[in-house]
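Next come two complexes built around subunit A: one with subunit B, the other with subunit C.
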Partner chain A sequence: MSQTATSTGTPGAAPQEPRAARFSYFWLLLALGAIVTVSAVRLITGQDQLDSSGSLRAAILATCPILMAAIGGMWSERAGVVNIGLEGQMILGTWGAAYFTYYYGPWVGILGAALMGAVGGALHALATVTFGVDHIVSGVAVNIIGLGAAAFLAEAYFTGLPGGGPRQLSGLDRPLSITVPGLADGAESLSDKGWFFVSDVASLVSALSTNLSILTVLVFALVGVSGWVLWRTSFGLRLRSCGENPQASESLGVNVILYKWIAVVVSGALAGVGGGFLALVASSGFVTGQTGGRGYIGLAAMIFGNWRPGGILAGSLMFGYTDSLPLRSADTIHALLLLVAIGLFALAIWRFTRKQTRQAIVFGVIGLLFLVWFLTTDQVPREFTGMTPYIATLLVLAFSAQRLRMPKADGQVYRKGSAG
Partner chain B sequence: MTPLRKAVGSLVAPLVAVVAAMLITSVVVALSGSSPMEFWQIIFEPPADRVYVNIVNQSSMIFLSALAAAIGFRMNLFNIGVEGQYQMASYVSAVVVGAAFVPGPLNVVLGLVVAVVTGALWAGIAGVLKVTRGVSEVISTIMLNAIAGTLVGYFMSTYGIRTGNARQTATIPESSRVPGFTPFLERDGAIWSLVLIAVLAGIAFSFVLNRTRFGFDLRATGMSETAAVASGVKVSRMIVISMLISGGIAGLIWMPAFFGSAYSYGTAYQAGLGFTGIAVALLGRNRPLGIMFGALLFAFLNEQSNRLTLNSDISQNVVLITQGVIVLAVVVAYEVVRRRQAAAEQRAVTQKLQAEPRGSGTGPSDTTEVKA
Partner chain C sequence: MRRLTKIAAASAVLSLALTACANDSDTAAEDDLCGGGGDGPNVGLAYDVGGRGDQSFNDAAARGMEQAKEELGATCTEAQAQDGEPESAREDRLRTLAEDGHDPIIGTGFAYSLAVDAVAPDFPDTSFGVVDGFDPTGDEANDNVAYLGFAENEGSFLVGVAAALKTQTDHVGFVGGVHNDLIKKFEAGYTAGVEAVNPDITVDVTYIEEEDLSGFADPAGGKAAAAAMYENGADIVYHASGGSGSGVFDAAVEAGDDMWAIGVDSDQYLTASDDQKEHILTSMLKRVDTATFNEIKSVADDKPLSSYQSYDLAADGVGYSTSGGYIDDIKDQIDEWAEKIKSGEVEVPSTVK
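The block that comes next holds the complex of A and B.
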């Protein structure tokens, strides 16, 4: 069975050793290893687009909406409410961002996106928490309503505005972007050199220091804040207890209904911010149907990330990267095959050292298939990267379902007083 | 609880839901600065002959879609993937029929079989993943929807025949088309003959669920999985079979339109029926008769809303809100009615128990419960 992070430490190690420090050391090594690998693949294949600053910037833009939806999903599911309605809440967010930005500027626009998303969340909470409707059923209805409401509201309010039409509103003010003077230019020129490792780090620095939207910073900050609130405060502990064992929480005096309501409304608001990001930063305005299923990808990223902020961040970055890459270069996708193969081999070796031989073999074989695919072809159809998030999630669910642990009472209808 | 009161209870819920949806829609329309009266007048105007034909055609497809979702729902299996299943099935069937391997009407049969098998296989992936690896069917079918969309898109852009800006599969031969029946004038269009598939599927659904061992097992699993297991039902086998049936029905969804008027997979393909079907299945309480009314209601709203674009400044998307609210309101209403019925039953039992002398023991209380 899965070993949780707390039990992996050697028994002899002093329990006082700060866990956070050990973790960041591990992640730092992992990040360094990843950069070295990417750099090597880039040099072998000659595909500079693989991690050019432009590619990374596009990847970050594609990551943020997925990340917000996923973190939103985490809030809701940690309190035990499955939120399939993320997509609908996100769509409401795109409209809210456009409307409020048009009249009051981008800052109010972001709040408007959160507000509209929260309305969608409240609808879901009303049905699931107050009336005890099945969570999936309510989520499907919320998606239908969100889609219809955004399309209807757009036609009612954006028709006839300058830059607007029944299905779009462009020319919106964007949230402030920051470019770190000096650092940005230096990093950009260094990344153009194509050196091993150095240029790759420079690309990353350049992507993060050039034209970085405040909203992007806010999105990543919200991930940290969510993690801190849910895992480091007593409020978060109570909220998560509602997702694990609501009857127990109730018997300890927690107002389960209230906590679930808060979680689902916050969930909707975050998904709404993700939609707002799409309308304000990732593209040049509001268009009907802009989300294109990103709410569902967010749901996938949440499961991929094991209902935890760190994993969700990793999943969203991966999905965002594969989402943005096809737009830039078709040949780069081919180089990606090698990267995937190496990643799978690394995973296989890691599993092997943990004596999980069967899984190691599975990963090794899949990695080998990718390597063969890389060596025998010249190009990969663009469409195939679009499937990456979905296939990755299916594979993760199929092969490491034992390692995933969703909140214990997730998706179950709770009734007040059921603790007896 | 008498059967009559139960029947009234299950009729009250949808009525309350429709009224609630009408109220909320009116408020939305009023808030956007248009007149709700005008809106309802346009929606409830008697449909033109052409619209009648469309309503019948559309509701047959919605009905099939809802039936596909309902069979899963009856055993607590959430097949959210109807959308992807009928897309895969429609595309593969269109390719096979377009290639005209066999002549005439035989080609139609082949096309239907291919559609059913493709839909069933695509849904089967989710079923097998659930049974062998414990993957939630909700997540896997959502993922499979997206994968189906991408795959079909890829095949269309690689092998599709270019017509202008769009691509399509080969048009099916004249002999493999299934003509419709024109109740009104020629220009008002035809009711597709394959609409009959929906009727047959509905009857089969009702028969299998209510009159066969399999149907009993399926409903038992839905009501109480532990009880079903205890009485010898192999739940994992049930899951895979129901997913296969659900996907098979899903595969048929677009077939009436395909053989009746589209003749190729391309711009004429109608997407989105999968999600409408889920909504209608919920509305109709997963029963064929209820689903039929739900499908007619949704098709009616869809078709009548086309009038809004011509005759008013109200967006026709408003009916999406109406439909969503109907679904949400109806499930809330069902839940409220169910809870009240359960409470009333419990009260009745308690009253009977209290009316009897205390010393009568536990034996007689069994009979009172049965009477209640």
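The block that comes next holds the complex of A and C.
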């Protein structure tokens, strides 16, 4: 989201740089402000589920698959290949995780998920990078192949296994999860008190210290590693140059085809890990069709995040949160209205201080509408609760679309030697 | 360039090989169920999304077919549905089966109701059966269509009674896959069953999806919904969410000892993994196999069923399972309630209040 090369998700941002320091200070303030706001909304509405440790835990679980797909998409698109095959690669990942976990345990299962996803990525790379097929056409094909292949492989390998059938395999071993002794209980009891601010921070601590899967940690680590590799290494610079101006890169001696291949295969592997997370942590079993469009949501999170890890993290958390909240308590959605209204007012004020009066007025009016909606109703109609994540997407994309900038050569077919 | 040609050739061969494999397995599955019948009815069996192997009602329909093959010498053709397919795909499937001379044609799942309504008038001499079906127009019923309905509310009532008798916290839950009329019927019966035993028990209700049928294949959603209930004090959660149910069982396992889940449609204790088995209190049974068999038999007897057929408790169309032995101590009480329902003394609501 930030305009500089520094973003929150990127470790190694040198603190001695004044610019970087200013930004981490800014993000810290923003995070504090967010917690205070949520806490206030929780107290005003009395909806404890808004940020109870259980809700936050569920939100993190719902975030991880989306986050992995989005980071995978970032790898691919930074190298100039649009990867809408993320959904298919994710589906392959769910199967890979189930198969390898069943026979070799959860750790090999994760590798298996990455491997199967990488196979899907390789297929996409073969079509788009080597053969120059239109990226969208190939991506759609990868999605269809992923769905069909996973269904076929499941029928071929899971039929007759204990807990398995032609369409599912349940009761898989889970990767290790950790509960920090002392801290978890303490934070949990503190969060139950319902105090302003303190309990909300305690909820967050409790969510992160209770039953936290190692795979969740790995997912967030992969976000940081991806940011570091792409923005802090010469390998990453070359890779990104393939997405901005491949002709120039090639004329400077970069093997564009190779870099694009690597990026798309890594992209598939990450999406596969996202699928593996669904099959091993978010629930412990494989069912055909369990990705349910999360790959596409990941794509939206990537665009929302402006093709950057920090923004992608924020976008994925938003999707994960709004996705999981209705499952916890449908009433809480009503409290979200107030939260959205406050958020819009904040945006309006921010725009106003930047002298963008017209936008400020638009945000203010929409915020007012949400506030009126909140004040005049007692609950949001059930039909709306399922739409929450998508309405949020539309709103956010509409508001931030002007600031988005995708890699310049994204989606263009590159042929070797076209540098001329 | 030569290398490219080689790669292209290799991938073409690979895709052909994969297609061939897929075809093989399709025919293998059909041979299992459909081959070897006698001169009985030639059944067209159109599965819903989930298909054979869902360990739920599609499999139950297949069991009914198998019984018909053994007892009536029936033969059949199976047709699978695709996830997210358009309405026209279901119509085409039924039409193809009808044109090939199958009779009866059975669609498993309420999703076939519209398609059957569109196709049936064109084939007046063919009998159609729709499991969980309903007449979408409501005015002109087709004489050649039987809607094989179940009193899920009665079966759910019984597992509701079981939950109410077993709960330690006076707090139970219900996870539905999709918020439609069919699943609301489960909720209504379950809630009524719990209330009949103890009106003070709290029942939490969550639906995974409002409209989208993906709610029946979302274990992660099922787990999130059930986990919230266990955290809020519920100790028994009943699910009517198809494939998402494994997530509900996972949540029960993670919630720890004395946390229970109740299965649906078939005896899910039998198909669950070992650590899940210790948390599956009972399952609400829906005898789709009985309904499928009866439909085939009616055609074999030349007295094809038509309009609404209700498989209720009295007709042995619904029930509950006792695998695992966790409810052996309260079985008598549950059966008492079952008798009251059969005799009409207790009327189970089919819509949510």
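The working rule: the second predicted complex is superposed on the first by the 385 of 420 C-alpha atoms of A that agree within 3 Å, B and C clash if a C-alpha of one lies under 4 Å from a C-alpha of the other, contacts with A are read in each partner's own complex, and residues count from 1 in each chain.
We take it that a contact is a pair of C-beta atoms (placed from the backbone, for glycine too) under 8 Å apart; a residue touches a chain by one contact, two chains touch by 3 or more.
These numbers were taken from a predicted model, which means no experiment stands behind them.
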In the overlaid three-chain picture, which partner chain does A:N211 touch, first (subunit B) or second (subunit C), both, or neither? second
Going by the contact rule set out at the top, does A:G293 touch subunit B (first), subunit C (second), both, or neither? both
Partner chain(s) touched by A:A141 [first = subunit B, second = subunit C, both, neither]: first
Just subunit B (first), just subunit C (second), both, or neither: which does A:E155 touch? both
Which partner does A:A58 contact after superposing on A: first (subunit B), second (subunit C), both, neither? second
Just checking: does A:F131 make contact with subunit B only, subunit C only, both, or neither of them? Give me first, second, both or neither. both
After superposition on the shared chain, which partner residues are touched by A:G171: those of subunit B (first), subunit C (second), both, or neither? second
Name the contact category of A:S283: first (subunit B only), second (subunit C only), both, or neither. second
Would you check which partner chain A:L29 touches, where first means subunit B only, second means subunit C only, and both and neither mean what they say? neither
Contacts of subunit A common to subunit B and subunit C in the A-superposed view 131, 147-149, 152, 155-156, 166, 293, 383, 386
What residues on subunit C touch subunit A, complex-wise? 4, 7-8, 11, 18, 21-22, 25, 49-55, 83, 179, 206-212, 214, 217-225, 227-228, 231-232, 243-244, 246-247, 249-250, 254, 271-276
Mind listing the subunit B positions that touch subunit A in their complex? 28, 32-34, 78, 80, 129, 133-136, 138-140, 142-144, 146-147, 150-151, 153-154, 157-158, 275, 278-279, 282, 315, 317-321, 323-325, 327-328, 331-332, 335-336, 339
Looking at the complex, which residues from subunit A come into contact with subunit C? 49, 54-55, 58, 61-62, 65, 126, 130-131, 147-149, 152, 155-156, 159, 162-163, 165-168, 170-172, 211, 278, 282-285, 287-290, 292-293, 324, 327-330, 382-383, 385-386
What residues on subunit A touch subunit B, complex-wise? 82, 84, 123, 127, 131-134, 136-138, 140-145, 147-149, 151-153, 155-157, 166, 293, 296, 299-300, 303, 381, 383-384, 386-387, 389-391, 393-394, 397-399, 401
